[in-house]
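Labels A, B, C, D and E are assigned to the chains in the order they are written; within every chain, residues are numbered from 1.
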Amino acid sequence: GVTEKRLIAFCGSASKPVLEEAAERFYKETGIRVDLNLGGSGTMLSQMKLARRGDLYIPGSPDYMVKAIRDGIVDRDSAAILAYLIIAIDVQHGNPKHIKTLSDLAKPGMRVAIGNPEAVCVGLYAVEVLERIGLLTKVQKNIVTHAPSCEATAALVAMKKVDAVIGWDVFSKWNPKKIDTILLKSHEIPRIAYIPAAVSTYSQDKKGAQRFIDFLASPAGQKIFAKWGYIATEKEARRFAPKAEIGGEYKLPVNYTLSVQK
Amino acid sequence: MDFGRSHNWKGITSERAFKAATISCLVLLTFFFVGIVLSLVTYTNWETMISTLVSPEIIFAIKLTVITATISAALAILAAIPAAYAISKFNFPGKSVVDTILDLPIVISPIALGAALLVFFNTPLGMIIEVKIARFVFEVPGIILAQFTVITALAIRLLKSTFDGIDPRYEQVSRTLGCSKLKAFMKVTLPLAKDGLIASGILTWARAIGEFGATVTLAGATKMKTETLPVAIYLNLAAADVEKAVAVIFILIALSLVALISLRKISTTRYHL
Amino acid sequence: MIEIKNLSVRVGDFSLRDINLTINDREYFVVLGPTGAGKTVLIECLAGLHHFRHGEIWLDDADITAVPPEQRQIGYVPQDYALFPFLNVAENITFGLKARHAPPETINDQVTTLAHLLHISPLLNRNVRTLSGGEKQRVALARALATSPRILLLDEPLSSLDVRTAKYLRLELRRLHEELGVTTVHVTHDLIETEEMADRMAVLNTGHVEQIGTPAEVFFNPRNETVADLVGTPNILTCDQVKPIGHGLVEAVCGGMSIVLPLQDGGIRKIALFPRDIYISTTKPPGPELNRFKGVVTDIQPFSSLMRLKVRVGKNQLLAELPQDIFEEMDIKTDQEVFLILKLRRLRIH
Amino acid sequence: MDFGRSHNWKGITSERAFKAATISCLVLLTFFFVGIVLSLVTYTNWETMISTLVSPEIIFAIKLTVITATISAALAILAAIPAAYAISKFNFPGKSVVDTILDLPIVISPIALGAALLVFFNTPLGMIIEVKIARFVFEVPGIILAQFTVITALAIRLLKSTFDGIDPRYEQVSRTLGCSKLKAFMKVTLPLAKDGLIASGILTWARAIGEFGATVTLAGATKMKTETLPVAIYLNLAAADVEKAVAVIFILIALSLVALISLRKISTTRYHL
Amino acid sequence: MIEIKNLSVRVGDFSLRDINLTINDREYFVVLGPTGAGKTVLIECLAGLHHFRHGEIWLDDADITAVPPEQRQIGYVPQDYALFPFLNVAENITFGLKARHAPPETINDQVTTLAHLLHISPLLNRNVRTLSGGEKQRVALARALATSPRILLLDEPLSSLDVRTAKYLRLELRRLHEELGVTTVHVTHDLIETEEMADRMAVLNTGHVEQIGTPAEVFFNPRNETVADLVGTPNILTCDQVKPIGHGLVEAVCGGMSIVLPLQDGGIRKIALFPRDIYISTTKPPGPELNRFKGVVTDIQPFSSLMRLKVRVGKNQLLAELPQDIFEEMDIKTDQEVFLILKLRRLRIH
């Protein structure tokens, strides 16, 4: 109807099923319709910047939220954490290459991919993990491509283009028939990522937008995240990596070359 | 030419070889296209296929795609007709500049075009248009505008060559018979151009059906709102749901095939009347 | 009455310069000119299809220079007819009436009348692509006449037809002109067409009108070299003596040449003989001796792509023309003896 | 026609109005394209522009784009010449099927084509090709293959209409003068088709320059390896670096303009020799 | 010697059926047929440009049926010449020699010789687009002759030329044939061309050879109705009496008609008069009385797009033809009196 309230949310496409279910539930409860505009997290931010509109920003990882806050595109105070993401190795279903640890990725002939560390946060996390345990140069020899987004990183394993990617634990939940996740040892994980949400400064209906974030962060919202395999609470996340930082920044090593295996 | 119909064909080997070579090249290319499309079958799952086909999301996407592509192709042809006529028949200062600019939308990737459109609606003019006329950004009209932007240059190129082939004499005669320039154009040039108009229309429409980059940038990718078939493919690929993406690709192909074949049939039948 | 005053127009590299013409009511006016003279451009100016820098066109007492073609009340038959291929014959004829929103009865009447007049009634439902050249010509004419124009403009209406059809259509065009009395401007490059059809004529060359007058005036008294060249620089022979030899033939003796030609009403005083209708041979041609002469070449001059020979026969100096290549092949020198054959039917008698 | 050159033009209003209307339509469309591109200037920052232009990444991308587009356009034209010739001049069973299939790559969005290519290299045949011939997935040859797949159908369409316009008589005469069918094609048909070949080449090349969807899917978006200019635009947008994306768009436009204009110049000059 | 044996070929809806022809060495052989008879198809078969179901073509003692065109040693001049527009005149002529990798000296010699022979030396550097029709014809001929073919195939070589040029080129083609002695197959729809040029001829109609022989045999003894129609169903008049009337003319009296015609060597026994060369008029035509007669229409029959009238003049029944539309316009009935004009130069004498 004409009088119906509508919000536009710019979301990383990885959270598509969760957010769709949540938006549906939210509509039933409040009568506010949330249109989910889906795509790569960075692309979504660009789109908001270019269009100067949108009510909510829900990227797939924290780094773009940092950028969005810095550029004043979202309201810093409205930012909330919706779910946690743990860095892991994702392999093809059944783990045909028998990958157990990060050092397996350095074996000759292994085909590995990571997200583009300059554009995709899962790529940045991957570099950090490798650098931390001193495998960066060795594994780098096996990196055949940089994926342009978080989802593309997962798709590479799903389409059997590579043997393994360093990605999120949740990849195997997105596509359980194609992807298996191998968890890292807790000391190998320097940092826990999360899915944040915030209200856009361009929003015409900040109150409505805030209500959606509140709903997502509420137990009802958390239940939906949990249902789709996400780690919804910090407590649960801590089980995987008790000492890791939550969020925060990591700078690419200066001598890190972006070139990949020829 | 009437080669190869008879059973006791008296062949001339080198000629046969040449014909075979060129046709092989054609068939090879066809197989190449068919092959890469068919290799998608490895990811096909009949259950997914059927469930996808009947899902309200995809039914909505099919409708949205057909409707927007038809509108934008119609608009593009309507805009391209006078523009192509002007570039084909009139001389004016700056014509070669205009001609080169019209190649640009082919060079610039659709995604960049979409970004430019997005920015345009931030300019004062763009804002006035959004407020006074219609909202484009992240709305259905945006899909049409995005498709229109991408396909119009193609339509102009195709129609220009149609108009180039029409003898101005016919228009002149109709003028002496009492038609104004506009009437002459409507009653003589357009009927003469009918064949080319139909062909350009088909190709332009096909291109609009497949448009993705500009659409997704300007109109966004919102389920049940601005999700066309190409956008659905992208979203499913982005969600790493390869089976569903492949299912949508096949739906898009099937839809286009049916439409292309029937458009060709209708237009040839009509033409022979 | 059509008056063209000081008309000048440029198209591409070509220009029509300073055209002044008056065409009287009900006149059949022919403009004669070689290929590229600007005949089509001139007729397009009359039709309002060109915009020009200088000059005016008047129809009776109105300046129609700036009147668009659709308001000029003209009927135009272009060089290639340009029948609308997407319409059938009847629809082609009614096109102009429909464009002017004539009532259906008028349209039907007009089609019936014109189809009858031009003998195309059986063709009315035909696709124009299937028509022969002569049929196309008639349909184009019917289409042009359907809107009852005040002026009829014909651009080389007969040039793409075979000789036989052209001959009949010449007669028919004249008959139609007599019946309908429409002022007609007809452009052509054909001398015979001009001579047979024109009430008055103009000679157009490289965009310029060289002479205006009746065909007899122009052909027998070309005003300058150019016109003479265009109408074929006729050799004008004055006949000393003419005597009938029976069978509808006469023998005319002109400066020592004895020429046999069909008997004409009104007697024969002069004979015009076009250089291109004199065949030259270096060897004695086989066949009958009719209108053949021996002569001596006195002068050879190149003239555009032709060679012009002056040949003395008896007391006459005859000018003959040959294509350059044929001339070279024959290897003719001055003072050489050659044989001449006069083409009988191209003798023009005054 | 020679309108509007003289100073004391004696106008006919309705005609003038029609001409003005069609040219306005053309100019409007041109302004529309120029306008939306220029609205990007609001996001332009001269410093970013210059630093982008001299960054090794972009210099690499320019080189890669030009080289791959040139190779793929050349390959596409080479493949399209015999294919278009076969479809234009020969009859064979299944021709109309082939004809319709060749419209498909225009309909399917490049992103889906890229996905199909990616899947193809998972099939046994695709794996053999990757091992024995060359690696395409995530490699530079993949860019060329992706561009080739997208532009070949267009090249065939364009060349078909060129060959349609060539009288077979010329080839037949050359046969009687001692040319084999192949030689006749090379020495007669190709020279006759030169004009159309050049025009098709330019459009095909322009389309290859701008190709994004299939390229990024098959060859990935690896910096300094498979990053063409359209991919660079996308990556910068994906990294939320709008200013840099806009700078790359302008670089792409400038590059294409220079190339298009000089190609046109060269081809017309040559043609008039 | 060329032998065509039982040749049958289909192109589209059209087929050539069961063609048997023998063309002797050094012969100038003309195939006469109306538009659409299959003349071009036949010549294309000889050139090896068609593949056919049945039949063989032999050249001397070799079966060349399956030999591709490039190995047949033929020179082919197509109907529209098809000069390569991207090459100049000299390059067109040398095209075949270069394709056969002839040594440069041979190429130069050949060009010089041919250019001289065909009088095109001044054209060698010209763009072929700028040539006139006659010049194009010569260049196409030179191109075909450059490879010293054993057979020359000419497809209506003169039909697109103006009357005057065509006349000269007829002579030139015969001369060339005499000089070079190349076996020549020439197809045409023109009766006069056939009569003037052919050593022997064949009549082709709707894909079938109707008659083979010398022109005199075919014209005066058409084997069946069809051939008679094609060669114009001549009215053959037997002359009772022939007397010279001076000036190279004779008067022939045939069945009561007195016809004036040029004197022929060898006397006159029969006159063939083509129906289309008899003009009919319902009113007495103006002009001289030469070869004009009064007659009575005895029969009217439609014949394709023509009307055929039988007219009794004296003791003769003459067949005359009129285009349908012209006939309708004249409104002629049987038993009506009409005037006939015989076209002088089309009288064929035996």
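Just so it is clear, a residue touches a chain if its C-beta (ideal position, glycine included) is under 8 Å from a C-beta of that chain, and two chains touch if they have at least 3 such contacts.
A quick note: this is a predicted structure, and the numbers were derived from the prediction, not measured.
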Shared interface partners, meaning chains that touch chain B and chain E: C, D
Other chains in touch with both chain C and chain D: B, E
From chain C, the most remote chain by mean C-alpha position: A
Interface with the most contact pairs, given as the two chains involved: B-D
Inter-centroid spacing, chain D versus chain B (mean Cα positions, whole Å): 15
Centre-to-centre distance between chain E and chain C (centres being mean Cα positions), rounded to whole Å: 29
Cα-centroid distance, chain A relative to chain E, in whole angstrom: 87
Geometric centre distance via CA averages, chain D-chain A, whole Å: 36
Residues of chain D engaged with two or more neighbouring chains: 2-3, 14-15, 43, 119, 122, 180-181, 234, 237, 245
Multi-chain contact residues (two or more partners), chain A: 40, 46, 50, 149, 159
Multi-chain contact residues (two or more partners), chain C: 48, 68
Sites on chain E touched by chain D in the complex: 44, 47-49, 68-70, 72, 74-76, 78, 80, 82, 84-86, 95-96, 99-100, 143-144, 147, 153
Chain B residues within the chain A interface of the complex: 115, 118-119, 121-122, 137-138, 216-217, 220-223, 225, 235, 237-242
Chain C-facing residues of chain E, complex: 119-120, 132, 134-135, 138, 164-165, 168, 172, 245-249, 251, 258, 260, 262-265, 276, 286-292, 305, 323, 325-326, 328-329, 344
Residues of chain D defined as touching chain E within the complex: 167, 169-170, 172-181, 183, 187-188, 191-192, 194
Chain B partner contacts - residues on chain D that touch it in the complex: 1-4, 14-15, 17-19, 21-23, 25-27, 29-30, 32-37, 39-40, 42-43, 79, 82-83, 85-87, 89-92, 98, 100-113, 115-117, 119-120, 122-123, 125-126, 149, 152-153, 156-157, 161, 168, 180-182, 185, 202-203, 206-207, 209-213, 217, 230, 233-234, 237, 245-246, 249, 252-253, 256-257, 260-261, 264
